[in-house]
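Following are the structures in question.
Two complexes follow with chain A in common, the first pairing it with chain B and the second with chain C.
This part shows the complex of A and B:
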């Protein structure tokens, strides 16, 4: 690569990073502006102010925001855990066994994944009302599973397929039962795949708005994205832009932390050295 | 410690194609047996059926007299080394080797596991690598770890599935002798799959040659070389391979593409009534007539040929001699070539001559050979007409005696080493 070519690449990279991070920077800057400062017609706040954060964490909006944060964490973590465990078994079976209906499962999973959420929200709303799941945690966890399971099954079965058959066969010859081979050999090897899948599943659930706003009505189960939509300004003539921006920054933090925490575990190539490559 | 009996083993896949067809082999205690054949001959499938990774369609598999057809791999107490080693990448070398022991919950204490793993590591010279991960090891070291995992438990038999095919040539030679040494020392029954005939000839007490799932011949390496049962075995064993030529029977003479040669009375009796046979010559049975002592020269036949290409290898010289094929056997020879994974290039014979020979490309040369070492094959069935059953039996007994002696020697030297260690 010539010097000029490299400089072009660097320049292009910076351009993309700026383009991608600009909205984030904007929201951060917005969250640090005092209510009167919001319309100051410039990017940076004239004076740094923490009023928006105070408002949502301890002030009047905290009744709305803090329970929502708790709901979001609880619901998303549970949904992710369930979906990972289920997907692990399903993907293992799909990758390793030849059974009738294997293709059907995979294509159904894909079908569910591309099915528009908005079209099932209304029937689900009616059903949940009747069976008492409306405005409860399980009432959101179940639809979130339908969002996260398909993609989890697909990613995990790809990971399982990468693990050479011989690993299990060697374990079996060494005296392991199928379950031991799965637990002691396959699961450790699939760990990076499981982490990747878990993060993707968590984000999908974390970002959901349609189910969150439609299937909840109180702080008993309302997640953050829905709560953000219900923020109101100090008076009816004031837009709640500042508090919304502050809340958006706060909900972005766990996502960033998760990625930073697990990015080292998401390295493919843990199987290096298993077989002569 | 264990005998493995394969009785009429058949493996059919979903499409009804028999990958392994009616194979019966009796493997004696402590024997080193090789399964060899061109790719797709079913040798690996057969091994995987023995270890239990493939179902047996029909036939009986007996280990120490017990039928194990329906037993899971873990209940068969066999140890296997896979072609790609199949090490557990998330475990250290120590834990890789200890893996089979750890699975036998509570049977071994930590101290015992430690001792056994260290013993296996010493045998394979892996001591200093025990704490490393497989990813950081070289190919040869990984191979040894895979062997360590097999050695560490008291398995009834070792199974190897082309264990050396991923190593480079030099390492392969070293590991080959290493495997032979360890097997002799432990005296464990071993089944070894390979497509490399050097491995087959040097390691095996007996070699089973397979073709398209059918067992052709199971005998000592020497018997395979000297008394092959058919064209396929004759063509498969030996490097460069045996040359096959169409030969017309002409009274007591045999007419070859290079001219006619006399037959011994024994030979003439064997081919009586046949018009056409296939003659097989080992390349190394030819000599350059011009560098031969006169008394040897008179004992054989000299033919005159046009040499096309020569290859000088330092220790010997290969010369390639083209000939016109006889239409009557061309098809048979072509099919044989395909069975042996050949390219069906041109009809030529290869001769391995003394490196001192001055024959060069394009020369007209005089080649000498001894007609008594000639093999003759039936062109219809491919069976060897010249096979000497008595001689084959003699080789077989001799081979079995040598095997027992070798095991005994290994046992004695092991005992001596132990006494020495105790004295120190």
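This part shows the complex of A and C:
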């Protein structure tokens, strides 16, 4: 590679970083603007201010934002856990066993993944109201499975297919009990895949807006994206831009931390499940 | 146009070691049973959360049914569908949805390909930085991305007008959300920013599968960069491109979050998903809303069929399911 060519690619790399971070930097900058500064028509605040964060964390908007944050964490973690456990069994069967249902299950997962979410919302909205699941945690956890389960099955089956399962037998030949073979050999091999799948499933659940806005009505179960969407409508504050930006920054922190810590695995998980030649 | 690919036999992975025996032995029957026992629960849950609701939607769509007036629920056959299909609102929202889908997916394919090329060529020292950066738009929730772009362009808090004021047609009081085209432009930017990383990661995985031998051979034969790209690289990663296109198209067709946040459907920017939402949740017209939902579902199935039949996307082989 010539020197000129190398510099060109480095420039491209810098371009990608700017591309990815620009809107994030903007929302951080906006969240640090004082109310009087919001309309300054500039990218940066003239003076740093924590007013917006105070408002949503301790001030008048905190009873909208904090319960939503709790709901989002709770609902997303439970939905992720359930779909990971279900997907683990399914992916094990798909990767290791020879049975004719394999294709059916993978195609169903694909079908569910491309399903238009809003088409599920209409009937669920009516049903949930009748059976009392409207505006409850289970009322969101169940539909979230339609988002997290298919991708979990795909991603995990791709990971499980690469595990050298013969090592389990090898360990047993060497005198390990089946439990030991499973715990000492298979679990360490499978754990990274399960973990990666959990992160991706969590991202998807965390990102949901359609279910959140349609199937909840109060702080009892409303997740953060829906709460953010409604901030703008309710005239709780004079100009909601600053507080919304601050809330947006706070909900972005967990995913950015996950990305920074596990970027390699996430990329492997995303592409493993999707493109495999 | 002549393209260069390896003969099929050399690209496929070795067949699984486990041979299939003729007839059903006890062992394979047991395996089949265990397979369904393990995969059954996940399968049942998937059906329960999608097949049941869509069937219910089909059923509900045949009724004149308002939640505010449940007493007067009456069977009206296909009249909901004829109401929708003869209404301008439906066709406008379908056109807006298709426009957003085509524009965003086309731009994302080109941009995503460029990003994938840069990622592939990036020096290993900075590769983790680029990879982490590119994952950030993917991980940022759509609602946050929509707010970020909306506030960047909005009159009350934006900086875009003051930055781009030197461009013809943009001044300090350009209202980006005052008209259909401008609003859709900003919506498309937000969508493209958020979802290009996903497409570029899929394309990167596809790029990595292009056999290096072919590239070298083309180079030796004196092919230019552009020729190698068109005759070697792209034909060899066609499967990856098609899968990325299919997934993004279906995803883009469901666009809802950005519309809800950025325009609220104002100025004829309503998409099909938003229309279904508005009928059901805001107006409590379960019958009409269900019919829109069913039509949306039919559209998604049609797009899928178009890709699989028309463009011959073989999902099974692309996903290594042979």
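Here is the rule we go by: the second predicted complex is superposed on the first by the 235 of 277 C-alpha atoms of A that agree within 3 Å, B and C clash if a C-alpha of one lies under 4 Å from a C-alpha of the other, contacts with A are read in each partner's own complex, and residues count from 1 in each chain.
Just so we're on the same page, contacts are C-beta pairs under 8 Å (C-beta built on N, C-alpha and C of every residue); 3 or more make two chains touch, one makes a residue touch a chain.
Since the structure is predicted, the reported quantities are computational estimates derived from the model, not experimental observations.
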| item | value |
| --- | --- |
| Partner chain(s) touched by A:164 [first = chain B, second = chain C, both, neither] | first |
| First (chain B), second (chain C), both or neither touched by A:177 | first |
| Which of chain B and chain C A:141 touches, first, second, both or neither | neither |
| First (chain B), second (chain C), both or neither touched by A:117 | second |
| Chain B versus chain C as contact partner of A:188, first or second or both or neither | first |
| Residue contacts on chain A - larger count, chain B or chain C | C |
| First (chain B), second (chain C), both or neither touched by A:93 | second |
| Contact residues common to both interfaces of chain A (with chain B and with chain C) | 270-271, 273-276 |
| In the complex with chain C, residue positions of chain A that touch it | 6, 9-10, 12-13, 15-17, 19-21, 23-24, 26-27, 30, 38-39, 41-43, 86-87, 89-90, 92-94, 97-106, 108-112, 114-127, 129, 142-143, 145-146, 149-150, 153-154, 158, 161, 203, 206-207, 209-210, 213-214, 224-225, 228-229, 232, 239, 241, 244-245, 248, 251-252, 255-256, 258-260, 263-264, 266-267, 270-271, 273-277 |
| Chain A-facing residues of chain B, complex | 51-53, 72-74, 78-80, 82, 84-90, 99-100, 103-104, 133-137, 139, 142, 149, 153, 166 |
| Residues on chain A engaged by chain B in the complex (per definition of touch) | 164, 166-167, 169-177, 180, 184-185, 188-189, 270-276 |
| Residues on chain C engaged by chain A in the complex (per definition of touch) | 11, 13, 18, 20, 28, 31-32, 34-36, 38-39, 41-43, 45-47, 49-50, 52-54, 56-57, 60, 67, 114-115, 117-119, 121-123, 126, 128-145, 147-149, 151-152, 154, 156-159, 161-163, 172, 193, 197-198, 201-202, 204-206, 209, 239-240, 243-244, 247, 250, 253-254, 256-257, 260-261, 273, 276-277, 280-281, 286, 289-290, 293-294, 296-297, 300, 304, 315-316, 318-321 |
